[in-house]
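See the structures that follow.
Heads up, the next two complexes both have chain A, just with different partners, chain B and then chain C.
Up next, the complex of A and B:
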């Protein structure tokens, strides 16, 4: 059987649907664009600086870790870039450079690489990083203080902080419509609600994020906030306010849906999303933190492996 | 290759190819100068020297070639000529064969042994002469110690995508299939015979004396275990086989072969094959079993380049071969040529837990967890906790995996290793 030609031999299947990790990452990046561009227009160059530094430093951290751990270079899959973008979206414009770099270090190295890289992280890397930053340097996450130099044509107070400190009387100045259009203070890419929703719906349609998680997260927030609001309308804001402020929308579409740290079966996804939503409002309304999205998602990341044990019985399973 | 649609939320729908219109006659491939027959047996028999055949033996068309004497595995010589070589051959997953090459001579002589037995006993006729006929008959169906045949399923639809061989048989040779089903009914004493066909062949199929069932056109509905579940309403328990439950599968082509064989008194030798070229066009050819693939490529003017892929069987479950000298086997329903540029790659990326495989798995295997264990070689744990043995081997998980993990290969390897360990433990 001497044959000059060599053929490729491999195992079935010989087809593939053409999906890939990098295309998933690029689609997430595309989906963040509406919200990011709105943030850049609002906050200008300082915001652009944070976004660029965040993306580039995240990729460099990943590259350094690849070299240090002697593993294949993996920045091409775009995951580090996505981490960088999402982290920047959560930060206020004008965040000092060293916070950004420390943040991406926590996200990429502590949040992802030390567990073995993509797919192995038990927590959402971005959420881990923001949680560490928030606890360590909370002054920089006091949006009222961080954005002191800005005077845009809307109420220049961070809505959730106002609610926390002064009750619902302080948030009368925010109309739902303004909040949806991003006329509120907050992270660079987390205020333009409409843009985030468009991005999120794009990702859902493309099948890149799991709609069950986003939907149940928002439902969890809506129902819990509604119950609080009914019980004491002076102290607790209504559900739409909660959905359109802080990190809620970006959490629903970009943070809670991170692949590795969220469940994949139907019922676990619902519990996971709803649990994060309920806990977010609990932290906001009766906890000490102003925004609860970050910690709620972290806690739900923790129970994710347990949740994913609730799965349909395999057909043919014995016993 | 079917790509993911823009709307990725919708599950990909892989549909079986349908043969709607009337067909052209299959293109006949000339009898080659050399055929190679693969005899599935232990090559240790070769050194024993007890074989009834040896090199330079003259054989006639239709002659039974076997190494041991009674009730052993055999192949049927598909040409008349001289045995040029007998060599061991290792197939996928270490399967042992003996490759028997026969140099053909132009004047064909037919061996009459089959005709003599066939008149007397249907069961023996099939068992002793037809198991390696075109289409292939599952050996357990005619083994002495099998249990009762509760249901015999005749497949008028190919179980993988792109292939139309079985549908071609239903359209072109329904009379032989009908005869074959009648003979099978008598020979196997099957309690029930089910003929499964796609909806558009329902009319043709109704000629057969069997209960006709319609198979959905969406892959993997025509895989045996899916037929068991959807048509027979019987779920095969993990780790068991369809045969364990008394259900046997046979292709429409094999039924037709049986019908033709008993009608004419000679063993059919020509296998119908769907050949799918690089541009996706399909041709049905008819070739002697044992014909080297290169003869078919020459006849169809197919040029192969370095690094192309030759696939025997379908795109989801077939197997790639490394040489154009590989012979046509009784169950070679299709030959697919894949261009090296059109080939999807696999990677050693870890699972990113995106859940695509979970959504597409037809039997709810927790593949995202399973693949983590399989990558680490924890096969027994995978079988105990994550339903490895429930897998029906459709390959859809690997088809949709964005990390391009060769999941299907991991699963097959794990099953193979577990089976091997079990044999070792018993020994």
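Up next, the complex of A and C:
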């Protein structure tokens, strides 16, 4: 032990490396770009309208809350912008303006600001908002209905809805490769799997999100979907289909990994991610909702404080 | 705390995106195309997604307009929608209610052509 390497720290003054909340936000925004651009190219102006209105209204809600609560103006840190971007990525193109504005209100005000602002929110603000919107106006989240007038060069049916209602025989037209390249119906920024994965890996490398959560979430989905698939291949789709459809990938890299609503220690992160993954497939396969990612993450957010009680042993503690 | 530069950038970005968003919503209102691509028939037994364009296009099932829009006059290109005559509840024996009309039209043709779904759960989302 006498030769063990010690962690040496120099004396003050220290130098700030310049990173901050704003640089984290900018990095997340950059990471969302591939998926967002793919969505804009696919759905055109109606998608651009949703994205622009979502980002700007999220920032305006935060500004209004700052003014109302007489706290320092915090929109410069970019967190509200990130909330707006992520919310828009989950919505279908052509979502009415009032849904977008209501959504950002729920996310920024109900999801974040009333708890005391950034870092104090027990749930992921975007997930809270989408959950409220989905339950309140479920017709607008029926992608088959929301995208009725789009005629793109792939199977124009929402894959998870087809699976839920008509079984695996209805999803034969989707190849894994097409799904990965975003040739599927869905939210503006949640269908281009490859782009989301690239963005996610970028964030992991930059140390902004934790790989443990993303990896365990995807592993939870994979294993559960595989078990269901083995038990009844006619009714339940295979694991790759579940990973590449719906909100799975955006959930794994952008929603489940949100700072203040996810655990910080190794074991809790694995349990959190895997729990959300398992629950997602349970909801999709035997629940009533078509996609379970939102509710699964919401429930795991709820469990998060309990999970963080599993701590590493304190060094030097006796007994 | 955020710097003044970041705050200014945030204000400018918010303003630009708000203007672009409002203009995009105003200038490109969602209006259905002249010929529907897909239609969603809603009902208590579960919605039905009808692939209108797939049924009419030459590369699809190539069904003529007048096969379904049965009161289309020769040379007329702008058919009435089903709901204009077929109401939810029908009191006229000659004009069946909307649901009955759809059922006989869809299933009848599918049986005749020996193609397409005929069972409830093959169309209705339950």
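We adopt the following convention: the second predicted complex is superposed on the first by the 303 of 319 C-alpha atoms of A that agree within 3 Å, B and C clash if a C-alpha of one lies under 4 Å from a C-alpha of the other, contacts with A are read in each partner's own complex, and residues count from 1 in each chain.
We adopt the following convention: a residue touches a chain if its C-beta (ideal position, glycine included) is under 8 Å from a C-beta of that chain, and two chains touch if they have at least 3 such contacts.
Because the structure is predicted, anything quoted here is derived from the model rather than measured.
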Pick one for A:181: touches chain B only (first), chain C only (second), both, or neither. neither
So in the superposed three-chain picture, is A:264 touching just chain B, just chain C, both, or none of them (first/second/both/neither)? first
Looking at A:299, would you say it contacts chain B, chain C, both, or neither? Reply first, second, both or neither. neither
According to the stated criteria, A:94 is in contact with first (chain B), second (chain C), both, or neither; which is it? second
Where does A:110 make contact in the superposed view: on chain B (first), on chain C (second), on both, or on neither? neither
Under the contact rule defined above, give the chain A residues that sit at the interface with chain B and also at the interface with chain C. 20-21, 77
Touch list for chain A against partner chain B, complex: 1, 3, 5-21, 23-24, 77, 116-120, 204-208, 210-211, 259-260, 262, 264-265, 308, 311-318
Residue positions on chain B within touch of chain A in the complex are 1-4, 6-10, 12, 161, 225, 229, 235-239, 304-311, 313, 315-325, 336, 338, 340, 343-344, 346, 349-356, 358, 362-366, 368-369, 387, 389-390, 392, 395-396, 398-404, 406, 408-409, 412
Residues of chain C touching chain A in the complex: 1-3, 6-7, 9-11, 13-15, 17-18, 20-22, 24-25, 27-28, 30, 32-33, 36-40, 46-47, 49, 51, 53, 121-122, 125-126
Touching residues of chain A toward chain C in the complex: what are they? 20-22, 45-46, 48-57, 59-60, 63, 72-78, 81, 94, 97, 142, 144-145, 148-151, 156-157, 161, 165-166
